[in-house]
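Consider the two complexes below, in which chain A is the common component and chain B and chain C are the respective partners.
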Partner chain A sequence: MTSRFSKAMLLAAVLAILLFLLAPILVLILSAFDSGNVFRFPPRGLSLRWFEAAFNHSEYRSSLWISTVLGLLSTAIAVGLASLAAFGLVRGKPSYRLAMEVLLLAPLTLPLVVWAIALLSIYAQLGINGTLPGLILAHVTITMPFAARIMIATFGEIDPNLEAAAKSLGASPWQVVRRITLPLALPGLLSSTAIAFLVSFNDVVVTTLIAGAGWITFPVRTFSRLRTEGIDPTTIAIGAMIVAFTILVIVFGQRLFQLSRRL
Partner chain B sequence: MTGSPYLHIRSVQKSYKGALALHDIDLAVEQGEFVSLLGPSGCGKSTLLQILAGLLEPDRGQIQLDGADITHLPPWRRNIGLVFQNYALFPHLSIRQNVRFGLDMLGMGRAEAEKRVDESLEMVGLDPSLSRRPGELSGGQQQRVAIARAIAIRPRLLLMDEPLSNLDAVLRHKVRLELRELHDRTGITTIMVTHDQAEALATSDRIAVMQSGRILQFEAPETLYGAPATAFIAGFVGSPPANLLPVTASGPDSWTLADGQVWQPAAILAPKANGAEAGRACLIALRPETLSIGTTGEGGLPARVAAVEFNGGDRLVHAETGGTRITVRIAASQAITGPDILLFPPQQAPVLFDAATGTRL
Partner chain C sequence: MKQTPDIKPTATALLVAPAAILMFGVFVLPFLFLVVLSFWSQVPGSVGIVPGFTLANYARIIGDGYYLGGLWTTLWLSGLVTLLCLVLALPLARWIVLYAKRSKGLLIGLCILPLVCGALLPTLGLVNLLSPLGFINGALKSMGLIKTSLPLLGNIAGVSIGLVQAFLPLMILPLISTIERIPHDYEKAAMSLGATRLVVWRRVLLPLMLPGIVAGSLLVFCASLTAFVTPQILGQGKVVTFASLAYQQAAMVLDWPFASALGMVMLLFLALAGLLGALVSRGLGRRT
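Moving on to the complex of A and B:
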């Protein structure tokens, strides 16, 4: 009897916590289908008009484009560099490995604003403020810690004896990488790519300070519109689409590569 | 290259972070031999194996294989098979793909490679039609796949690093017989690293006993067992190993035991016959199965029985003599009369070591 009661209590608690965590997303998605001109909840009429508006909104379209390109480029660089660093640290086992790992993860420990201000002053000196290369570099800086952390765990899980066995069977270092290390590291590579892309895509703070007016990414655009015009249903529709996209990425990542195990 | 050994390790030295892992190793192995590197962990046996595989480079010295210097040859050009304790099968490849890996690296044609995979899997007693992933196999089967993978490339040398240590006791015994049989069928020169002396004795033509980065003795199992070069080997080889009885020569005809008791043995065991001057501290190696137990007679060691183990075919008697614990193996049918017994060493020249250095007298 008590066990059934405690089970029910546990279930209630779990549901309450899930509701607390996920309710905002629910509100967002339901409101996106509302027909009204202003944000309201619960929605009163059903419509796809704000999705249409979002697709026709040229500023949003260009911002989404910028965010995507920026995300892809900075992710590619961050994952590439992080993989090389992680492989060297895990396989080379240098005496400074621990210190290096802490340094690689350092950007995670400071508030992003502090980080952004530091980058701003450095980039101003270098004259790359407000340029696309500067922005990419800044995004590499904030995404690399995540990628490095996942890749260190990934390579750490690959038995070095596998590489030694392949070598003894006649595989050159490059063949070892191509036939053994890369296939085994693929789940980790895809996980770190997904995470790095999401971090880059979601960033407002660093981008606002570094990008200037030239490169307005989607979250920055949304944030500035939010402040000038209040909550715009178009923004909500785009938000709902991004949520759908993110959920898709995470569900696939989890099903195929156990994303959460590597974080 | 007649006259020179098939595998010749010459003055190989290796240090790790300032500490010497291998001191001046010399070892000559003949073609077709099964050699074990035996020693406790940290003795340098795995380091030596890695140097042979080309995974580590020695600081000094030379390795010759089949007349050619391979010291600086990278592992992928050595054609040396490697088998690991944890099998190290490629988890993303099927069993057949694992065995075929080395053949693909050689650029062997598909038909020939497939045939070679069949042969190799059959050689280790596995069904060649096995289409599963390595992770779905038992430990014993995984190790068989790893061995098949290593011999598929027809290696010039087969190196095995503790190949049986991950298997349970029953399987370990079975696979070790299979290893020897496989070796006899293929004739591949084999070097196995192990910490298990029984494993080394059972499989090897010759055993190199290692301690602290040095080879103490390199001999056939029988020699190692009957004439150990050092007290360490005597106390390490055999199950149970030899008893080492600490004694000090108190005159030409008698020894003083650790607790001060004086022992007057048969003439052949006395200090005079063994060149031990008075005051010399020694260790006498007494194999458990060579000792006999009695109650009366000349030259016996007075001992007190502490425990008796019944092992089916025989009994192990653990007795205290002169402050030292001695193990004796007797037939299961022999009765122990009481706690106070006499131990009689065999009437033959004893194996005697200097107590300070551990070397043979």
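Moving on to the complex of A and C:
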């Protein structure tokens, strides 16, 4: 077996695996343009009617609005707290750094559905079940590990001598942060904001348990409809737009600030 | 080596405290509460909870074939999904590290796409991919390869495809970071000493990739064991997994103590998986 042949085989396998990985997303986008009530392949016709329906559907519109507000507020809090903590851990080098990283990254390794069951009963005891503050707390928690990971990597890459130099030239601590640290950390801040927002916006596992009736996010509404009435083509159209937006964020994020480097 | 801090210990503590307090209060405490709650009981027909100590919730899981069956299905399904993810992720991760040059970052970005899209949107696409009129069946029919649709929804096949698709990134990312740390020359050195390709893989590459394989397998196994969105939608109620049982108890039956006990059983199996992973990496680490 020549090495060129085996390389070609490997490349073919890799392309097939990538296709498998992305197939659901590609089919989602394709089926949004199908004109029928039920997607079938090959499609009988292509149309934009489901996109039109999506923009006219008030329930979905309010759900999307809720998802956006929840995502923005949670992301702002999570990225803020994660940045402070990451800066402290990287620059302060405390003896508890490892323990703290484990704590901040815990939601990546522990099962969120089990946690959400417990959170649901605690929220019920506290009377904050189905309230916006309760939801925000939960979303800050699930986005924190992504923000913390990226920010720890970001501050780790910034040379502390640059900050020390600015200080020795007479800059106040606030000036050092504003003129040196923040500009250097900007790519990391943008990466963690993008990823945290997407994670919050698309979450269904935790939100479906604790959202209650007042704050039904788009994924929660779609999930409950899907279980009771099957696929609604309008959801497919909205889903396709969300996925397209996500792809744009990742591609541009990669181009502009090397999104994947700190993951 | 003692590292010198750039900021004062008090300042460090103040910076870290808000995030730490939040994560402890909102993430860690509920797990502790879960332990307690699983021994409480539910007032029948209401959402009232009676504090106390009862093993009734656990007895119900062990005594009922329905829950044990769900647990068994979930365990072997998760094992299968982990294995499939490993087989698919290894060539992809290796290729990305060795051959993808300028497109590497973009490829990694595409690989994490299913992660940041959440559990739901890819599943919507999967339904249209796998349904009787969907993409795969439609394509096979128009090529004349099949007459009647293959059943890909509402069975284990559909659920496995969905889970592998959803959790493949969890295997790819740790593999990429371990493969990146393996020096290129090792493989060449082994080959020049006369090792065959198979031997190189078995004696050099796989042992060096092991930390990534163990980490990725643990992540995928844990994620599959506790997944409920994908199994519920692609299984169409015909594939009952343990996490969807827990979800039903928590969200529909509103029996939180029982749901907590189901959650505790999941945690137990995750702990066992973690222990197994630690043993495997330690045992093989000693051998090499």
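Here is the rule we go by: the second predicted complex is superposed on the first by the 261 of 263 C-alpha atoms of A that agree within 3 Å, B and C clash if a C-alpha of one lies under 4 Å from a C-alpha of the other, contacts with A are read in each partner's own complex, and residues count from 1 in each chain.
By our rule, contacts are C-beta pairs under 8 Å (C-beta built on N, C-alpha and C of every residue); 3 or more make two chains touch, one makes a residue touch a chain.
Note that the structure is a prediction, hence the values are computed from the model and not measured.
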| item | value |
| --- | --- |
| Touched partner set for A:151, first chain B, second chain C, both or neither | neither |
| Contacts of A:168 with chain B and chain C, given as first, second, both or neither | first |
| Contacts of A:66 with chain B and chain C, given as first, second, both or neither | neither |
| Dominant toucher of chain A (residue count), chain B or chain C | C |
| Contacts of A:237 with chain B and chain C, given as first, second, both or neither | neither |
| Contacts of A:184 with chain B and chain C, given as first, second, both or neither | first |
| Partner chain in contact with A:195 - chain B first, chain C second, else both or neither | second |
| First, second, both or neither for A:211, with chain B first and chain C second | neither |
| Contacts of A:159 with chain B and chain C, given as first, second, both or neither | first |
| Residues of chain A that lie at the interface with chain B and also at the interface with chain C | 164 |
| Contact footprint of chain C on chain A as seen in their complex | 10-11, 13-14, 17-18, 20-31, 38-42, 81-82, 84-85, 87-89, 91-94, 100, 103-104, 106-107, 109-122, 124, 137-138, 140-141, 144, 148, 160, 163-164, 195, 198-199, 201-205, 208-209, 219, 222-223, 226-227, 231, 235-236, 239, 242-243, 246-247, 250-251, 253-254, 258-261, 263 |
| Partner chain B, residues of chain A touching it in the complex | 159, 161-162, 164-172, 175, 179-180, 183-184 |
| Residues of chain B that touch chain A when the two form their complex | 53-55, 74-82, 84, 86, 88, 90-92, 101-102, 105-106, 146, 149-150, 153, 159 |
| Residues of chain C that touch chain A when the two form their complex | 3-9, 11-16, 18-20, 22-24, 26-31, 33-34, 37, 47, 49, 88-89, 91-92, 95, 99, 105-114, 116-129, 131, 133-135, 137-139, 142, 165, 168-169, 173, 219, 222, 225-226, 228-229, 232-233, 243, 246-247, 250-251, 256, 259-260, 263, 266-267, 270 |
